[in-house]
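Next come two complexes built around chain A: one with chain B, the other with chain C.
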Partner chain A sequence: MLEQHSNRRTFPVDRHAGLAVAGVAADGRSIVGRAMAEANNYKSTYGEPIPGHVLAERLASYVHLFNLYWAYRPYGVASLLAVYAREGPQLYLVEPSGTMHRYFGAAVGKGRQGAKNEIEKLKLEEMTCREGINAVAKILHQVHDEEKGFELELAWICEESGKQFQRVPQQLADEADAAAKAALEAEDMDD
Partner chain B sequence: MLPRPQSHSAALGPGCTGPSLANPTPLGLEPRPVRHASQAPACGAEAFVVDPVALANGQPRKHTQYPYVTGTSVLGITYKDGVLLASDTLGAYGSTKRYKAFERLRKVNDACVVGASGELSDFQFIMRLLEELSDDDFCMDDGHRLKPAEVHSYLTRVLYNRRNKMDPLWNSIVVGGFYAGKPFLGTVGMIGTSYTDAHLATGFGNHLARPLMREKHRPDMSEEEATALMHECLKVCYYRDKNSINRFQLAKVTADGVSVSEPFALETKWGYKLFQDPAANAVGTW
Partner chain C sequence: MADGGPSGLDAPPHTGTTIVAVSYAGGVVIGADSRVSTGTYVSNRASDKITSLCDNVYLLRSGSAADTQAVSDYVRYFTESHEMQLNRTPGVWTVANLVKEMNYQYKHLVGAMIVAGWDEDEGGQVYGCPIGGTISREPWTTDGSGSTFLWGLLDSEFKDGMSRQEAEDLTATALALAMSRDGSSGGVIRLVTICKEGAERRLITPEQHPVFWDEIPAPMGMIV
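Right, the complex of A and B next:
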């Protein structure tokens, strides 16, 4: 029933940074708003885009505050922060407790355990971004219920997108989706 | 010491949560500046503010009233499927050619470029405003971008507001863009004067290049013709304007987006007789 693309899970935060959130959607949007404000503030103060570790740290400090007072409840989202700044591409995981860690590969949300297992099997150092998209699409299909269905949403920040946050072009996303389904079916046939 | 209220809600009235609420809050006691609500902008700022620093010593601030590092003319023409903007890359400190690689044509978004003559630090400030706007657009993620006409209109408001504060941004700006199949070309002066036209120039270009454009410009020119006309105009400006250098940039906006060229030089010829003997027709000069 839902209109396509009306329930976004990935958001741009700045030209070079994006956030993917899992959990309470409204909390997610609130965090995205905060991240945008931090990025904007950093740029107007220092005149350059906010580095990944600074943004991740600031976001973590922000969500941490909500654990400290009885009047507030902690945020209900874990978020993946992707930044491509001067230091190169970086991925951070910011949790509601206020911890933040940098990863080569990470997963959040309900199916994170299965997804993490699959990510560990990948050879991330040798992977191109396009291959990564196929792998990610396949993992998402694996960890989702088969009957329930879901909307695959892919975004990237890479050389191909000019180091800017961008939704993966529809054609590529569809291809990755189809390839993932085909690969899974082939595996099922083997069993 | 003023008694602190126990609740922020003084609306409960005295006696509801304690005697302290009968007292006005310290916040209420502070004198507030009188604001004329009808003129006050929604953002909460004052409607009309002259920077208090400027008035501190009883004299208006003077150092923003005159440009220091300046750029000379920017030219712009529309053609069949887009807009061309051109300028040299000089930042002149008075008449010293101080910065020779200053890019005065800047992309705003995929449909719009601006070029500025006048005080270049003010231009950098203006670009910061525009960049912030287009970053916001990017983050909104709805695919909408500022249209060229909107950028133009925005700049008129900014420049006019600053002239009202007696602290003008010392620029003449040309906005070029392409939106909905139509080229857009507009200019804003340092006091907010603005207009749109099929071909434009700022500063000296108004006197040196505009006549050529009026003669040769057609709205249905091809890109080659438009580029040739632009080169000719640039050359004329370079010959006659001492505050310019032979290092130009050309910005193009079409349906495909914005491209700002690498700096290039034009071939010039100084062997003309009148150039060699400039005093021939002006008796009494040397």
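Right, the complex of A and C next:
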């Protein structure tokens, strides 16, 4: 009964950056707001898009704040931050403790253990973005309960999207979804 | 004084000034005169109007000496902090933007400045940061009271892709001409050339720089 696209988990932060969150949805939206403000403030002051490590550090230090004072509860989200700046594409994970690290592959949320295992099997250096969305779709299907449906939300920042945050075009997303289901069925048959 | 203000020793220090910045194939050459006047009295005949904001970016100052020194100090501090967080050399545009922000957010400031430098992504760059808070990238620019005499000259003589020597000669000649005609500019010519290898300073004393119509060359050993 839930309307499509009404439970967003991926958000643009600036033209060249985006955030995917897992956890308390409201906290997720709040941290996106902060990220947007930081990116905008940096651009105003320094005249260029915020670099990945700067935004990640600012967000991590913001999240950490909520662990210091008795009046606040910790942030209830782990965030995956994608930035495509001068240094190229970068992925960061910001956790509720306030730590942040840079990754080549990461997963957050309930099914993250399984997802991380699958990611480790991928040859990321050789993968294109198009292959990437297929891989991501497949992993998401794998970690989800087959009986329950879920909405697949894909976004990317790559050459094809003009190095800008873009929701993966519907056609490509549908193809990835279908390919993922087909691949998993094929694997089931092999078993 | 021409501006109708006090001309005695109670006048505020005024960097009368001529400042010039010129880009060439491989970097930028920037130059300034060295006169600071308090009314009609030259309070400093060898001041340095060229300040370094970071290793690869320099600032040329004209207008109020106090305001531009304050801006220079703030921007140098901001740039240093920024460099630490960024973990690489800042772009010239970024530093110029900080100068522009100061001029724009604090409109009472009287700082007509030029930011010039070299970075890996864009090479040599010149940015005009006049009073009010605009910023514009240009192949060359000039400012200060002596600049009025130079627009035509630089329009005529500037060429894209000059060599380092040509650019330095053009800058020095322009400054000498302005210092010859503008009462608020004079003293020595200071030049800084910024390129991939870094920044290099040069000093040209009055005996060394060209002399124009009506000027009496400075006798050896006496700097006017």
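As a convention for this text, the second predicted complex is superposed on the first by the 191 of 191 C-alpha atoms of A that agree within 3 Å, B and C clash if a C-alpha of one lies under 4 Å from a C-alpha of the other, contacts with A are read in each partner's own complex, and residues count from 1 in each chain.
The working rule: a contact is a pair of C-beta atoms (placed from the backbone, for glycine too) under 8 Å apart; a residue touches a chain by one contact, two chains touch by 3 or more.
Fair warning: this is a prediction, and the values are worked out from it, not measured in the lab.
Asks: With the two complexes superposed on chain A, say which partner A:51 touches: chain B (first), chain C (second), both, or neither.
Replies: After superposing on A, A:51 lies in contact with chain C but is clear of chain B.
Asks: Could you look at A:40 and tell me whether it touches chain B, chain C, both or neither (first, second, both, neither)?
Replies: First partner only.
Asks: In the overlaid three-chain picture, which partner chain does A:15 touch, first (chain B) or second (chain C), both, or neither?
Replies: Only chain B is touched by A:15; chain C is not.
Asks: Could you tell me which stretches of chain A are touched by chain B in one complex and by chain C in the other?
Replies: Common interface on chain A, chain B vs chain C: 44.
Asks: In the complex formed with chain B, which residues of chain A make contact?
Replies: That would be residues 8, 11-15, 36, 40, 43-44, 164-165 of chain A.
Asks: How about chain B: which of its residues touch chain A in the complex?
Replies: 128, 132, 135-136, 138-139, 141
Asks: Which chain C residues qualify as touching chain A in the complex?
Replies: Listed in rising order, the residues of chain C that touch chain A are 82, 85-87, 90-91, 93-94, 96-98, 101, 121.
Asks: Per the contact definition, I'd like the list of chain A residues that touch chain C in the complex.
Replies: 44-48, 51, 53-54, 57, 86
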